[in-house]
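Look for chain A in each of the two complexes below; its partner is chain B in the first and chain C in the second.
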Partner chain A sequence: MSAHQAGQWPSAAPRPQINRRRRTLTVIVCTAAFIIAAWLGGYLVNLEKLATNLQSRNHAPSLQYLFGTDWLGRDMFTRTVKGLGLSIQVGLLASVSSGVIAVMLGLLASMGKIADRIVSWLIDAFLSVPHLVSLILLAFVMGGGMKGVVIGIALTHWPSLARIIRAEVMQLKSAKYVQISRRMGRSSWWIATRHMVPHLLPQLFVGVLLMFPHAILHEAAISFIGLGLSPHQPAIGIILSESMRYLSMGMWWLAFFPGLCLLLVVRSFDVLGERLRGLVDPRRSRE
Partner chain B sequence: MIRKLLAFLGFKAVRLASLMFAISLISFMLVQNSPIDPVQAYVGADAVRVSPEQRAQIAAYWGLEKPPLERFVIWSSALLQGDMGTSMIYRQPVEEVIGERFLNSAALMGVSWLLSGIIGFIAGVVAAMKKDTWIDRCIQWYCYTLASTPAFWLGLLLLMIFAVWLGWFPVGLGVPAGVLADEVTMADRIRHLILPALTLSVVGISNIALHTRQKLVDVLESDYVLFARARGETGFRLFWRHGLRNIALPAVSLQFASFSELFGGAVLAEQVFSYPGLGQAAVDAGLRGDVPLLLGIVLFSALFVFTGNLIADLLYRFIDPRIRKAGVR
Partner chain C sequence: MRLEAKKLGYRYANDAWLFRKFDLSLQQGETVGLVGPSGRGKTTLARILAGYDTPLEGTVMLDGQPLPKRGYHPVQLVFQHPEEAVNPRWRIGRILNEGGQPDPFLLQELGIDQGWLERWPGELSGGELQRFCVARALGPQTRFLIADEMTTMLDAVSQAQVWHSVLAIAKQRNLGLLVISHEPSLIRRLCDRVIEWESLVH
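Right, the complex of A and B next:
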């Protein structure tokens, strides 16, 4: 198509191509920078501002308090940044462990027919209960807290990625070099680790990245319900659930800004993942 | 045809049975290993006034001293007879609690399911028909943003704007507070339903809209649409005669297959608006350690999701004339 156009308009055709690539890279750099800033910000925040300061209670947003202050005089901007850092941290832990589970089960499925049956059955079983309900169950079982949330999200989010990996592995198995390798007497383990895993890595990376949005949203949701992170931590879900008591007093900023920032972070992860997928696997990125 | 349908349903029934068994086994084992002591959770604030002997009695009454496997057999055989145990926090049989709560939730989920389906479908169609224009870009941008919006935050915003500032709707609950149950009118119930339903419907819109858009774009690029365009058909007429039939069925079955997200969203929407539905019961059960109710809700939600997927499957296999005539696999 583009070659055909190039014949007609020699000067116009190559330019959009370059622009698109440059635009993709710009978007990737910007979103990544934003995410890293939010993450590091969570560590760098001035802890003094998290302390209660009864003299500056219930301030509406102003230049001094960008996001306002709450009923204890805590600076909402600081709390929000800290909360975003927490969210990203939970997302990182949960997504990576979920990715590990997905790879192990995806590879296991390639070992044989019975293993494949078991894995598909497990995927179906885990997908059959709504995520939030299984998260409530797991958080209850683990007794809440950071551990409960991370394990809960890791255990509920692997099936979709495992499905993709399983399909990819099935395709790889019929590839020439894998078959030759098998004829040469390589073990299943050797093939899995030397042939399959390197091939799967880029996909896996993007898959894990695209799991972040779900993980972060679910973390916020379960903390909001009260079964997630401890109420003493300024997680976004906790901030929002506390804000509910003050909404009827017209303190809109308590809920508005933290939620908006969470939305921005989640969207950034989404955009970053989609753009990277476009680079890694152009075939599948077309939605 | 009928025989195929029966065979299909039989296959699904076996699958459902194995699925339910697996879920009940897994969740029972999980709860088994929970660090929360059920007797302690039951006793709660009265901990000081309950003697060790009384604790032992409670444990014996619930059969807690028996080995786990035996308890699982007792519990699951009671389940098979339709006895899901007694909820600790509502002091009612679990199946009654679920039934009562589900009626409320069903109203909420049904309304928002329809809303999100209709709005999403229309948005997707408009975006595809106006592909690559600013309308299309706006709709797509809006859908992607919605997809990364925390549902409960959106609920809070709606609550803030429409209930607190404008005062159009009540702040929460399923019925007005302080009014006798007999005096609650249908209008009251609907007024209390609107905001939660709106919140919940927003969650489902982006999925259906983006899917519909993609399907319709594919259809519009096909040869028969090219031919139709060559004959001079455009706009709504083109969509009505060639687009709608091709995209309606996938959209409807996608909507049925989204029961899982719907249920999850309902949990959050009910929490924000203190709407007395099944999701709120699930949260309470989790927070206060009501194991029988929690297990009951897990199983019930799995059944709910399964039903949705089954309907989606049936629609694809037995309603779609192309697949029906080609023979069911």
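Right, the complex of A and C next:
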């Protein structure tokens, strides 16, 4: 530090902190608002616009048709919004069920050595198979459709979260107040629900949120290859896969806008989750 | 009732043995002091007696019976640091009731203010928290209390108050007390009998 700087009031140090916090909150509010808008939009869209209208086929994007229309004259903007709503809904169901599975197994690991071995083994076993492979198999076995996709994603995405929760549970288990609780005659289940779950909730919330992008992308991927949602539903994966045939005819807007919107939603979830994790657990936020 | 440790041995991983063939006997209604230098396993011994750790050698008996694995443990331990011994997300009242409703007389003796029960652990000082830990450990089914440097972090006045009430309760309920401390004056004031750690470890 030079001589004339040394005498100055060190005002520069604390301010970036406040700015960063405010920026974090702004980002959280904006992304959350965007996601909620996309989700609610799926319910609010005018269903008549989803219908085929052969009079207005193959329109390029314009003010009237923001995202253009497809080969059956369906408004792509409406379809995209509806598809995003569907994606978020699938993501919500799948992530929440995954989170429930992860917590159950994480808590089960606290019950004893053998239980912990079994849980660890299960986590490793599921992690060793690539997501998409087991997802395709599961969705295929479940017979496709919304149910198949949700169950498939829920059953394949829990292990990484379960591992984090298990680590947290192990740490809690060695906490003095948990050990004291046991000497007070409290059961493992009682300790798990009263002492551990409240501590796990922030981690769990962020974990589930960060699972959303994976769930949405996998839903789109599996719908794209035809094993996911049925072709009648305007899922983003379906829209993208159908548009492939028309890309060579120069109808770029069929894939471009829905793909871009999917990307935006997924990125929003990612940013939201990361920022919230930074608030909940600053130690891990840089990882 | 009689708490007996027979030929206890413990070590961490493959380190040298902290103690071996350790014998200790504690009668109901008796206050026994245990003094010794730090780092020799006094706290480990306390954890074993209170059922937190299992000894690698030997047994701990209560009236000739092994200590119960489940249910309320008749030997309760109060740790040195109360901040670690309470769930930071629980209100004090809930923490206090974890082992059952505490004796109102005991709360009064310990100088516990009813207004504290609504607070969070972070809002109380270490001395105030430690009173709750003591009250919690002195549930109706407690037969022996092990105080592992229980009042080391308290000022002299609180120390006197806590010990005064603990001794009163111990007398009233005929509890056995094992006081672990490195303050010889405190031990001499409190205890009927003093054990030197060195004399027990072979």
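In this section, the second predicted complex is superposed on the first by the 278 of 287 C-alpha atoms of A that agree within 3 Å, B and C clash if a C-alpha of one lies under 4 Å from a C-alpha of the other, contacts with A are read in each partner's own complex, and residues count from 1 in each chain.
We take it that a residue touches a chain if its C-beta (ideal position, glycine included) is under 8 Å from a C-beta of that chain, and two chains touch if they have at least 3 such contacts.
What you see is a predicted model; the values in this text were computed from it and never measured.
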- [ ] Give one of first, second, both or neither to describe whether A:Pro198 is in contact with chain B, with chain C, with both, or with none.
- [x] second
- [ ] In the overlay, answer first, second, both or neither for which of chain B and chain C A:Ala175 touches.
- [x] second
TODO: See if chain A has more residues touched by chain B or by chain C, and give me that chain.
DONE: B
Open item on the list: Once chain A of both complexes is superposed, is A:Ser248 in touch with chain B (first), chain C (second), both, or neither?
Closed with: first
Task: Which superposed partner A:Val45 touches (first chain B, second chain C, both, neither) - done: neither
- [ ] Check whether A:Met211 is in contact with chain B, with chain C, with both or with neither, and answer first, second, both or neither.
- [x] neither
Open item on the list: Under the stated touch criterion, which partner chain does A:Gly185 make contact with: chain B (first), chain C (second), both, or neither?
Closed with: second
TODO: Go through the superposed model and pick first if A:Pro130 touches only chain B, second if only chain C, both, or neither.
DONE: first
- [ ] Pick one for A:Gly226: touches chain B only (first), chain C only (second), both, or neither.
- [x] first
Open item on the list: By the touch definition at the top of the document, which applies to A:Gly259: first (chain B), second (chain C), both, or neither?
Closed with: first
Task: Residues of chain A at both interfaces, chain B in one complex, chain C in the other - done: none
TODO: Quick one: which bits of chain A touch chain C in the complex? Just the residue numbers, please.
DONE: 175-181, 183-186, 195, 198-199
Open item on the list: Quick check on the complex: what are the chain A residues that touch chain B?
Closed with: 121, 124-125, 127-134, 136-143, 213, 217, 220-221, 224-227, 236, 240, 243-244, 247-248, 250, 252, 255-256, 259, 262-263, 266-267, 270, 287
- [ ] Would you tell me which residues of chain B are touching chain A in their complex?
- [x] 18-19, 22-23, 26-27, 30-31, 33-36, 144-145, 147-153, 156-157, 159-160, 164-165, 171, 210, 214, 260-261, 263-264, 267-268, 271-272, 282-283, 285-287, 289, 294, 297-298, 301-302, 305-306
Open item on the list: Considering only the defined contacts, which chain C positions touch chain A in the complex?
Closed with: 50-52, 70-73, 76-77, 79, 81, 84-87, 89, 95, 98-99, 136, 139
